[in-house]
Every structure is written in C-alpha cells, then in structure tokens.
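What follows is a group of structures, each given as structure tokens.
Two complexes come next, and they have one chain in common, chain A, joined by chain B in the first and chain C in the second.
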Partner chain A sequence: MKSVPVPIFNFPWRGLMVASLLLVLFPLLLMPIGAIFIFATRDGFSRFITALAGEGAQFALRLSLLIALLTSLLNSVLGTLTAYIFSNYRFPAKRTLGILINLPVAIPTVVVGTSLLLLWGPIGVIGRYLDPLGFRPMFATTGILLAHLFVTFPYMLGAVKPVLDELEVTYEEAAYTMGAGRLRTFWYVILPSLRGALFTGTLLTFAHSLGEFGATVMVSGNLRLRTQTAPLYIFSQFEAGNIEAANAVAAVLATFSFIIFFILLRVTEGKQPHKA
Partner chain B sequence: MVGYISPLFGPELKGNAATVVIYGFSILEEAVNKGIVPAFQKRWMERTGEEVRFYTSFAGSGTVMNQIRFGAPADIAIFSHTLDAYRLQEAGRIQTDWNQFPRRGILNRTPIVFIVRKGNPKGIGGFQDLRKPGIGIVHPDPQTSGGALWSILAEYGAFALAENAVSLKRASLGGAEKGLYDLWKNVIVLASSSRASRTQFEMGFGDILITYEQEAVKDLAQGKFNHELIIPKETIYAEHQVVLIDWNILPEEKEVIQAFLDFLWTEEAQQIFVAFGFRSITDEAINRQNKYFREIPSSFTVEDLGGWKAAYSNIVEGIWKKRILEETRG
Partner chain C sequence: MSISLKNICKFYGEHPVVDQVTLEILTGELFVLLGASGSGKTTVLRMIAGLVNPDDGEILLKGERVNEVSPQQRNIGFVFQNYSLFRHMTVADNIGFGLRIRKVGAQARNEKINHLLELIGLPGFGDRYPTQLSGGQQQRIAVARALAYEPQVLLLDEPFGALDLKTRVQLRQSLKNIHHQLGITTVLVTHDQGDAFELGDRIGVMERGKLFAVGPPTEVYKRPKTEYVAQFLGQANFFTGQMQDDRVQIGAALLPLPDGVSRPEKGARVKVMIRPEELEILSPSSPLQGTFLGEGVIQDFLFAGSFYRIIVRIPGIVRSGTTGASDTDPTLLYGQVGLEKEKILPLQCGQKVAVGVVSFHILPYEGLRILVGIDGSEQAEHALQFGTYLAKTTQGSLTILGVAERYLEEGKAREGLTQAGQTAQKEIHEVTTFYRRGHPSQEILTETEKSGYDLVVLGTRGRHAPPRFVGSTAGRVAMNASIPTLLTPTPLYKLQHLMICIAGEKMRKGNIRFIGRIARSTGAKVTLFHVRSEKETGQVAIYLQEVLQILENLGIDAAIKIGGGEPVQAILNQAEEGNYDLLVLGTRFGNLREAFLTRSVTSEILSKIDRPILVYHVRPPQ
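What follows is the complex of A and B.
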C-alpha cells in the first residue's frame, strides 16, 4: 500500500457536498412539504380543525380510506394469486402477460381514467350494454375502485413475486411428500413466508390508493358527499379558492403518507439482518 | 380506522329521502350550496313534511357537460351558456325542451367585467386598454370554461361596437378581429374554469382578470374583496342555462325535481342569487337590493351576436380557434 501524503490544508469536500445537497433538496423536497404544515397552522390551530371538521372534508377522507382499504384487500388477493401462478406455472404468452400486468406503473393515470370511461361508461365498449340494465359503474364508488385496482395492481405483485421466486422449492416438495394438498401447502408453507412481502405490498398499495388523483378525477364525477375522494376534495377546494380547506386535508394526507412511509422503513430495515 | 369509516354506511346514506343531483358550472357553488339548496329543503319540508337530499358537483361548464355526456348522474345541470345544453341534447341526454321553462331556462345573468389590482396601476377602463402591450391577462380556458366563451364574445362585441358604435349587426368584422388578436397576445394564464382563474389571479398572476361580475360582487358584499372591479362601457350579459337530464331522472324523482325547478324562478330564489352576486332575470326591482350592481351603458346579449350557434361558429371557432389561437401561440 502506498502511503497517502497528508495535505497541509484539508479541503472540506465532504462538508461542501453535504451542504450543497441540502441546499438543492431543501427548496426541492423539504420546503414544499413544510409549506403545507406552516400554512395549516398559520391562522391558529382551531381554524385548521374547523376546516378539517367540515362535512365535505370528513366525507372525502372517509371515502378515501375506505377505497384504499378495499383496494389493498382486493389487490393483495389478486396480486398474490398472480405472483403464485407466474412463479409456479408455465403457459403460453407468459412473458407478454407479465409485461402487460406491470404496465400500470408506466401508464399515465389520466389515461387509465379515460380508458375506463371508454370501456365502462354509458357509451363505452361494455358500458353501453350494461346501461340498459341499470348498471352504471362509472361516476360511482365502483368506478373509483376499478381505477384504483388498476393503478395499484403492480405494487402487490412487485412485493410478493421476488419472494416467491426465491422460495426454496424443497419446503414445498417436502409438504407434498408428507401428503399435503396444494391448498394446504399454500396456506401453511407458502403464505407464512410471504407475510413480510404482503405487508409491504399492502402498505404501498394503500398509500398509492389514498393519494390517487389522475384516474379518479376522470371516473368519479366529483360529487360532494358521494364520490369526492380526499385528493379530489383538495383540488376542488383549491380551484374554488378555499385554500384553507384544501390545505387542511392535504396536511392530513401528507401525515398519513409519512406514517406509512416510516412503517415501511422500519419493516424493510428490520428484515435486513435475517437475510444476511 | 374501520370505526372512522363506518359513518359512510350510516343512516345518512341509507335513508329513503328523495335525492337530487345537481351539476353546475364553477361560480354557482356557493349560491347553490349555501343559498338555494337549504332554502328549497325548507320549503319542501313545509310542503310535504319530507326531507330531500342534494348532491352537487361544480367545475368548468364544458367539463360538467362532458362528465354528464359520459354518464355522470346529474338530474339537473346548470350551464354557463346554452351551447353546452345543445351539445348534451345532441348526445341524447336531454329530452325536455328547456324553452318551456320560465325565461326559456335562463336562470340568472351576470355581465363580463374586469378585476384589476388595487389602485388600477395599469389604468384599465375598457376592452381597448387590454390591447396595449405589457398587460398580463388571466383568462379562463375556452376549451373547458363557459365564462371563457362569454369573455370571448364580450371582447369581440366590445371591439365591434367600438368600430361601428351603432349596432353589432353592422359592425366591421376586421377591426373586431384585430382587437381580439391584440388582446389574446396579452393572455398569460389559462385556467380550467372561471373560479379557477380567480384563484390564479389571487395567487398573484397577471394585472387583470376577465370574469363574471358575480365573482367580484359576491366578495364585495362579504367585505373581503381586495382588488378593484372595473365595469367596461360595452360588455355582454352572460346568461346561464338550466336543463333537466331526463336520461338520469327516475320516475319517483320527477315530482321533487319539478318542484325544485319551479322554485328557481320564485322571488325567494332570485333574491338569493342576487345576494350571491348574480343579477336576477325575472325582476329588475330585485337587482336594486344589491348596491354593488351598476348600470352598463351599452350592454349586449348573445342574441345581438346572432344567437349561440352562430356566435360560436363565427366568433369562437371561425376567429378565435382558427386564427387567434394559432397565431398567438407562435
């Protein structure tokens, strides 16, 4: 090893780099988030609570939580099933289908909303036959749910599939030799090892559903107290100039996402030592 | 969390009270939600002893029209202008002829005016002043906003009147088109609705906002208007259209919806609109109750420009879309 000559003056590169990173990140990421909370408490905490306690705000938050809950539940079943089939079976066009089901990550959400309308809407490809039967999924909670299932589908899949792919086949085979059927093997052998992945996937799905805007604005109809989710409430109130009301709900959504983010952080960090 | 969500399934939603769904253009929100709906609910309760529940949604007039065209569950729609009503009629969503309603379905009206910064630093008094270079105009987007279409007609009509000073019918077209072109060169922000363009103006964009008088008068009455209202000498009266979306109306809803419709043109309802800054269509005497309304020397209506269909194809499509939008883009 060559000895490094000790410089007379040690230029503080590290400090400079960290400082300039902070200088860039501060206005780019941290200040906008901070602005929500500063604005929320600017006119006193009671004004913030009043804005939040309004009927419209409360309904929007409740609806968003309900949709996020249903979306996470349905997609955890659908996503796990898809991941299981994909890592256990061979079938024609598997590769193409694999690309297709991951597509929602890349498609703009507004496009998702538009295509749902063109499919299920009253003049849509399927919708036009449903309409005479009195079934109108669009501009209703069903429409919002369909949009969220679509948009968040890849998150569950992305969390579960890598774990399934890495899962030792021997455990599964051992279960079979001991006489367990497919269902029992899945329930007692595979599912327990997916617990962490399911949790991460569910949280990711939940977080994305809670904040979904682009697809929702197209399919919900934005009806106050009926189909207006929290992000739509924020947008409508802001457009109408009720910045306080918009901001109060925005602060709540931001807090939710922080909580979810920190739980995720804890879970993934806690898992590292086991893996090693 | 489940406990927090549970009110969604509560008696509020399950109850068998009649429901009416209203979709309206942007600036109506306060007047409908805080004025008209509670007043009607009270009247309906007095008359039938029953509750009636309202669901409302507000956006740019064109946005609302398209939502309904694609299946939004509106029973009643209130558009910024009759053109959106024609479009929905063509799409098969409307069967009832709105001309059979009182005032042919025109609910109220409000002139197109200017809102400028305090002290009017750019000295804006009329549409001619908006042609000067260096003036930043905040305008709603004609693709989605009804107020924006009214504004284009106001701009065109005012320039045409200035050319000719006698009547819009004989005005020279070239001069008005040149005026419109100069003005649109100064437009710096397009917002999706009139309400949204007001918010952008509030956020500090531009020197002047072209919008409905109602936007300013509603705030003046509540003492929270911190800009200046300029009423140009020549301007248009925007007239707002009510329609029934027959396609969405269930037989059992007909009675309450008809009652609501009748209510809209009663003195009580028109007074509410005036209190929220709209000018009444039924009675000039009601308009005197709002001290912020001024006489407009040469006002005109869309009829003076040949009606909506002609005005739209000649002025909005023929001039604004084909020439001005293209040229001012470059």
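What follows is the complex of A and C.
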C-alpha cells in the first residue's frame, strides 16, 4: 500500500472491518462446518459409530465412493483425450464445442438430471427404444455414473487443458525426431508432463462426485439400498427425523472433503516454486 | 550423409516462406544457414527433419527422396532452439530416450550415455534433472541427446540463441570438437554471423525465403554476390564506380582492378564494396600501402575493443544508396584502425587524414527493381506487361502489389494477383507478389518508401482519363513518389525509341543515367527533345550537349531535336511525329494540387496522350 492520506482513521477502521468480516463469516461459514462435527458426536462416540454402521449408511457411503472413483477414472481418460484433441487439432466448430463442453458448470445440476431423464428414461427420447430391450440406465447405478460424468467433465478438462496448451510442440517434435511414434510420444513425453494436472483434476472430480446431489436425486430415484448415495441418504434421514444418522454420514463426507481439499492445497502450493 | 534440396518451396497462405531453395550439403560437412528472423531458415531445417512438408520440390538424404518419410524414420538428430529437454526425466534418461525407443539394452544404453556425457564435458551429470542445469549445460545435453542414437545428420536450430557471449564462444568450440570427432553431417541455423564464420565449412545466406550466397565463409564475406549478403555479414561501404579502362573511378580516385576479375566494359557502372578494414586511414603525410582515395576528416570514432571504428568524410566521395540503410548520411565512410595506430594518428574529431583503399570487391551488375501496382483493371494489365518487359531486359526483379480498396473486392484482387505472379514468373526469375487492402495510391507510396525499388509502373487511362487528372491513383503516385514512375495507357510492343523532353528544368545526372540504363538494356534509341523559349540563353545548348555526352558515354544512340512554340503542343506533335514508345518528363515533387492547378506541362501532357510516360522528379524530395 502507498502512503495513506489520513493515518488517524487508519487504525480503528481496519479493526472494524476485520471484526465485521468475521462477524459475517462466522455464522455463514465457520459455524455450520463446526456444527456437523459437534452434533455428530454430541451423544457420545459409540452412538456415532452405531449410526454409521447401519446398513443404509454403509451402503450409501460405499456407493458414493465407488461412483466417485469410477467417475474420476473415466473422466481422467475422457478429459485428457478431449484436451489433447483440442490443443493439437483444428476442426470446424471447435470453438462452439469448447463452449458446450464447459456448459455443465453453468447449468443447475437438477436441470442436468431432468434432461438425462428425458433422454434415457423409460419414456425418454432414446430410453423409449432401450426399455423393451431390458436396458434401463435410469434409476440405476449406470444413471448416476452418467450424471456424474456429465457434471464433473469440465473440472478435468479445466485442469488438463491449460497445461497441454502450454506444452510446446517442440517437445513432441523432439520425441518424433528421436524415433518415437505418436503413441509412444504421448505415453513417455506428454502424459508425464500432465501428472500434476491429472492429479488435481482427478481430486476435483472425486470431490464433486462425492457431494453431487441435484442430478443424482433426479436420475437415481433415491431407492434405499439400491441407488441411494451418501448425500441422498443424509437428505432422506434428515427428512425422516433421523438426525443422528444423517449427521454421522455428513461428518464422514465432510472429512473426506477436507482431506481432498488439503491435498489439493498442498499440490497447488508446492507447484508454484517449481514453475518459477 | 549428403543432403540435397531441390527447388523446395513452402507457403503459408499465399506468402512463400521458403522460395525455391536448392542446396547440396556434403557428407561430413558443417553447413551454416544464416539469415535474419523470418528469412525461412528454420523452415528449411524443419523440412530436412520432416517436421514440415515442402509444398514443392524434393528432399534427398543420401541420394534418396525422403519427402514422404516420417521424421521418425529419417534418423536425424535435431537440437531445438529451446532445447526441449524432457523435464520429468533425468539427464541420463533424456540422452537415452532415442536408444530406449530403439530397444537398446540397459547396459549398452548406460555405456553410450556415459560416453556422451564424457564427450560433452559433463561427466557425472546423469542423475540431475534439466531444471537443475544452466542454459549452456542444457544445450550440451540437448546435443548429446540428439547424437545418442548415432543419427546420420545433426540439425541445430539457433543452438546458441539464448546464451551469453562467453558461453556461446565455449559452446561453439565444443560443437566444433564434437563435429571433428564424429564427422557427422551437420546443418546449423543461426542469425549470428559469428557462429557462421567460426563454425561453417560453408555458409548459406537466406533472405525472404530465398537462398542467396553459398560458399566458404571467407569467400562469401570477401566476395559477396549481392549487397544484402554483404551487409548481413558485416559493415561495408558501397560506391557506384565507373570503369575507365582497367580502373574503377570513384569520385576523383581511380582504383586498379584486383587480379583475376573479369573487366567490365568501358564506361560501365559497377558496384564497388569496400569493407571498413580495407580502408587505410593514416595521417596526411604518411605513405599509403593501397590506392589513394582522398583526403578526409575524421567525423567520429568509436572504441570497439581491439580497434577503433572511424567515421570519415572525404569531399567528393559519396556512397551509393544502400537498400534498407537509407537513413545514414552517404557522405560518411566507415573505416577502422587498430589500437597500435593510436600513437601515430591522433584520434580526434576534425583530424585530417589520408584515406587509401587496400582492396575492394566488385559486385555484379544489378538490374532494375520494379514495382507494379495492380487493381484488376485492363490498364493494370498493361502496367504488368511493361514492368515484366523492363525487369526482363534489365535482368532485374519484379514486385507486384495488389491493392483492393474495399473488402468485397478482396477476393477478386487476390485472384488477379496470383495469376499475375504466375504469368510474370514465366518471364523473370525474381518475382514477388503481395497484397494490401487500403487506398491504392497510399499503399503504393508506402511501398515505394520502403526503398529498394528503382521504378514504379502503373496503368492509366491516358486521354480517356477524367479531365482533371487529380485524384487518380497513377497521378497521385507519379507526383508524390520519390522514385520515377512509369504510367502506361497501352500494352507494350517493344521499347525501341524513347524521347526525353527537356523544357524548362534541368534533369539531374542520376536521372539521365537511369534513363540511359533503361535505354541501354532495351537497346532503344534516345531523342532529347527541347522546346526553345524566348528567354533562353546559350547555357541550354551547352547543357543539352552535356546530357548527350552522358548518354553517349553509356553507349547509347542519342540525338538532339529542337522544337519551338507552345511547349505542350510542341511535345505532343513531336511524340506523334517520331512515334516514340516512351516519353520521359520531369515534374516538380510534392504538392499535387499545386502541380495540377497550375496545369504544368507534365500534367497537361499526361491527360492528352495515349503513350507510356515516365515521370521523374526535377527536385529531389526534402
């Protein structure tokens, strides 16, 4: 900061500003986070474990983890491929496609769920013909996976594409002149340079998939022990007045998210000095 | 392994980046391609590597056509300007990459890696990562990596570009040693003539996609074929001299021709190049080793390490205009003296010195550089024909500038331009085409200001032009261009007889010689036509004789004709009577409005005649 013209007012103003910021942030952000853990363990640790050990809670958490894992794996492959194609080739409507691909960030997830239902559901545009064949992606794990892939796709692309764009062509060309074909160049030269970005992208996707609610509730049908993911379980239990069970799963989800968040923080902060 | 390029071309859009380059690189040779940025040298290198495909021509490695062979299969080593070392691999893995791809066993690979690290003087660096190395070290690793799989050719793209001078010199030596030890055919691309001189067995100089001089560095430096090449390799003074028997006259000095140079005909104009180190600068009374050029005065001197650069002015000695360096004062000559001379020659501004020429070089005669502006009209077609004819007969070059004023006309203009270029290419060797959008006269004038052209050729509608010539493209250019403008309303048959009109103004000698140059190369006869006026003195007759003498000295069949009466009518009558193919008229430079409102002789004739007219300026631009 440069010299402040009225230094007398400087000190009290700063204190006041910081205090009011905390005052706003505390009930808005900090207290709710704390509340989860406080409520989850209020009646003792054993009650917390019992709530978690319930069949529904166990299933919901496992399903959520499985879906998140599959989504991040599939999207890391799809996202890398898309980013590679986007930064290496020119094709008509590339710009338009680029915008469309990033659209899921802007669309409300409930709308995404609805549109998936309208497409793949038993009376949907495509689903209508698949239904007689016995293929019913909606109200099943496939549907949830589809919705999660759709919603998290931009996060992977956003992490990988900038790195690929910055990677100079000469690295690929150097590999070519040394005798490596396209495939081996990709495997030995490009992919290793994407390690950091892929890691970041995967974690982001994982975190988003774990917490995804809007689209999931539409496409899954919220069937207990069949398609109920952890966020849906929390919501259902809460509605049923089963606050303890809801709190326990919420605390676990929150813990997962914190871990991912801190890993991401470390990764992105650790990268800065290397780049310079 | 030998590399040969046969007429290779590469276009980006319509713009030729590499223009018919033919080159033979011998087995084991270290060849340096030298050129400014954007000259196309890197593209040539990338085409040898197979990273860019030529649009035309053939690339042969070891006598076999490789145009269709992928870079992977060409077995070449390429060192990139940014080195492109793989950052996630150790130095050893980087060097071993090509071997790993070739499925060489770990043991053999490690041996090779260690051997190479030894060769480049970085033993024990195998475990480090590229980011832990200095620029010079990275560069050496890049060279080692490109050599690991024993390629047949090593290609280097500006390998010392980003390094400081000291490292540069070290690495040059290191590269020279490696080349010496391995004897691998090497092509190096650089913009630095120091690299080229120190490393190249032979060098090639590129400009605007064309390859000019090829030869050993000393040869290209001492005996360049073009002014551009000469200047790219180092500072030089250029003079326009005239042959007098076996000596070249510059100002009042007569320089004896060096041995082994074929003697140009008597009276011929030649371009003389004298490098600063070929000028001898001594105190006035000292005996000279070379030929005395003149007595001059030191204008400035600059300390340049092992010598002083001296800028000296000699009355009566004027450098000729050099392309691209028109901003320097042509009366200043560039020389240099060694530090040891300091004792005998007091270095200060205003110091009188005797200047001698120890040696010099004569450049081949250069033809006219002609600019033709076209807009797709019939008249433009005539201009194109005339320009092509002149460029061909003077062995010069042709530049075609296509201009469209409106966006909608752009497609048509571009098409016409491409066609015009192709047609002209059949007749002349050096054709350049390019396209601009904007106001035609403005774009053409801008282009002429970039210098390098001798003449602008434009089409006009002659007698059918609007009554007031003001505003037409041709008129604007003719009045404002700093070089002569040729306006043609008709297609050209042949230039056999031309008429120089001398009315009131005197013609500059440079312009007379310029017309003479055209007349001589086309074999045309010249008639000097003078319209007598009442106020005339005897001076005019003497002047006419002088002009006649200059033309005859150039070996031209010239005659004087005298007319009388009203100048415009007299000239028009004479033009019809003699059926001349070209009229040469002078005009005052500058204000267009003034020139036409006062209805000068030139502007009136321009709108009353259907013959080609060459307009030059009586007074030079300020």
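We take it that the second predicted complex is superposed on the first by the 261 of 276 C-alpha atoms of A that agree within 3 Å, B and C clash if a C-alpha of one lies under 4 Å from a C-alpha of the other, contacts with A are read in each partner's own complex, and residues count from 1 in each chain.
Everything below uses one rule, namely that a contact is a pair of C-beta atoms (placed from the backbone, for glycine too) under 8 Å apart; a residue touches a chain by one contact, two chains touch by 3 or more.
All of these numbers come straight from a predicted model, not from anything done at the bench.
Bringing the complexes onto one copy of chain A puts chain B beside chain C with no clash.
In the superposition on chain A, A:R62 makes contact with chain B only, while chain C stays out of contact range. Once the two complexes are laid over each other on the shared chain, residue contacts for A:G221 go to chain B alone; chain C is not touched.
In the superposed model, the angle subtended at the C-alpha centre of chain A by the C-alpha centres of chain B and chain C comes to 150 degrees, rounded to the nearest 10.
Considering which of chain B and chain C touches more of chain A, the answer is B. By the touch criterion defined above, A:G241 lies against chain B but remains apart from chain C after alignment on the C-alpha atoms of chain A. By the touch criterion stated above, A:G201 is placed in contact with neither chain B nor chain C. In the superposed model, A:R136 lies in contact with chain B only, and not with chain C.
When the shared chain is aligned, chain C comes close enough to touch A:T177, but chain B does not. Residue contacts after overlaying the shared chain place A:Y188 against chain C, while chain B stays out of touching range. Once the two complexes are overlaid on the shared chain, A:P104 sits clear of chain B and of chain C alike. Taking every C-alpha atom of chain B against every C-alpha atom of chain C, the smallest gap after superposition is 29 Å. Residue ranges of chain A in contact with chain C, taken from their complex: 168, 170-171, 173-181, 184, 188-189, 192-193, 195, 274.
Within the complex formed with chain A, the residues of chain B that make contact are 1, 4-5, 7-8, 21, 26, 29, 33, 55-59, 67, 69-73, 192-193, 195-196, 198-199, 202. Of all residues in chain C, only 49-51, 70-78, 80-82, 84, 86-89, 97-98, 101-102, 131, 145-146, 149 touch chain A in the complex they form. Residue ranges on chain A touching chain B, taken from their complex, read 58-59, 62-63, 65-66, 69, 117, 121-123, 127, 131, 136, 138-140, 221-226, 228, 236, 238-241, 243.
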